[in-house]
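We just call them A, B and C in the order they show up, numbering each chain from 1.
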Amino acid sequence: MMEKKKKLSIISFSGDFDKAIAVFTLASGAAAVNYEVNIFFTFWGLNLVKIRQNRAFLGKGILARIFGFLMGGRKNLPLSRFNFAGLSPLLMTFMTKKRNVATLPELIDSALALGVKLYACDMSMNILGLNKKDFIPEVREVIGVAKFLEYSQGGETIFI
Amino acid sequence: MMEKKKKLSIISFSGDFDKAIAVFTLASGAAAVNYEVNIFFTFWGLNLVKIRQNRAFLGKGILARIFGFLMGGRKNLPLSRFNFAGLSPLLMTFMTKKRNVATLPELIDSALALGVKLYACDMSMNILGLNKKDFIPEVREVIGVAKFLEYSQGGETIFI
Amino acid sequence: MMEKKKKLSIISFSGDFDKAIAVFTLASGAAAVNYEVNIFFTFWGLNLVKIRQNRAFLGKGILARIFGFLMGGRKNLPLSRFNFAGLSPLLMTFMTKKRNVATLPELIDSALALGVKLYACDMSMNILGLNKKDFIPEVREVIGVAKFLEYSQGGETIFI
């Protein structure tokens, strides 16, 4: 009799750098001990898997462009807590490097290598004027809440 | 033999506009595929179900009044990320309208129509000096942690 | 036949004062109705169990010192929402006292008395340059994601 695989599902809502580290650390750690792991990127979390092409927002209307500017991309995520105080993600990347902790792109890569599955939220893409081609190709599917619940059902689900 | 109904429970802690959209989108999406959905409003999340009556705070002491002023009501929720930069919920409401995504009051209404149940947290109401009559009547019960756990037990629980 | 004990696991990521109250209120409430409760402190959440000794950060390099200064300790947690507006945790402590709601140190103490177990995250301690001796002794173990999942497995898990 096969044991059912344990599941961890993460709703990645925040685009903050420190929370992004939390998302991928949890995802990889769980995948490493044989959990099925699904990450559902929504709202600002879509930044974590967005290819930076601000140019791409031109022509989609002024408001989408303002959001595009504010959201930035994977290279310039703010730090949730002290951003207004002038601390940049560069500081944390520097610290993580210095202490031999993986940086965000490395965390994403190892999560993918361990089989973590990435999904994007259809509704927030609609609100923010994003398309599947705005994301890294490893985002395997654009889904809604019903599909997400189907994937997460029977496991632990956390919202970050 | 009846299958046990799947459950989703949401602790709505934040009063931010984008997170409020996340709360109600998840709630409605889950209720639409036949989940039992409970939302437990606590702290700033109580704003989402508060009837705006700042006047009501007069006479409850200066501190409660300060919180009342800061908390505002359902009509003027801040956006979690860029509020300090001057972006208002109006912008997002405008965008959601333009793109045919429901606005917050519509999301609340459809959540209710789908059978989502709303609860308010007794302890944070006590801290913030709020009473059941400060909320929309659809808030069916004022409960504490024990009762919330009883309602959420056996399902997925997320904190937003 | 023994019924399996219900479990609640909390990932305490935020160092904000209001979220700290949420963490310990949920933890104690659950422990009081006989749940097994594990709190896993990570990133800014480590502040909640840190002994304030900024002096201890001297000599660990300038970056760790900057983080040490920004993180503060258990006595000066910011309030997640309105900190920039000048509202301090003192205000909330004052309100909680006035209304006979427990303050943070009291919440921590009663959580411990009810059997809530505290853990610290190894990776974020590494990033932030912290050691086990920087925490209150009630933090029983420094663990990683795999161990956390083992402890939380089969229960409800929330990220605050």
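Assume contacts are C-beta pairs under 8 Å (C-beta built on N, C-alpha and C of every residue); 3 or more make two chains touch, one makes a residue touch a chain.
Nothing here was measured: the structure is a model prediction, and the numbers come from that model.
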Angle of rotation relating chain A to chain C [CA atoms, steps of 5 degrees]: 120
Shared interface numbering between chain B and chain A [over half = same, under half = different]: different
Chain A and chain B, separation of their C-alpha mean positions in angstrom: 24
Numbers and ranges of chain B residues touching at least 2 other chains: 84, 156-159
Chain A-facing residues of chain C, complex: 11, 13, 15, 42-44, 61, 63-64, 66-67, 70, 84, 123, 126-127, 129, 144-146, 148-150, 152-153, 155-159
Residues on chain B engaged by chain A in the complex (per definition of touch): 6, 8, 18-19, 22, 25-26, 28-30, 32-33, 35, 81-82, 84-85, 87, 91-92, 94-96, 98-99, 101, 156-160
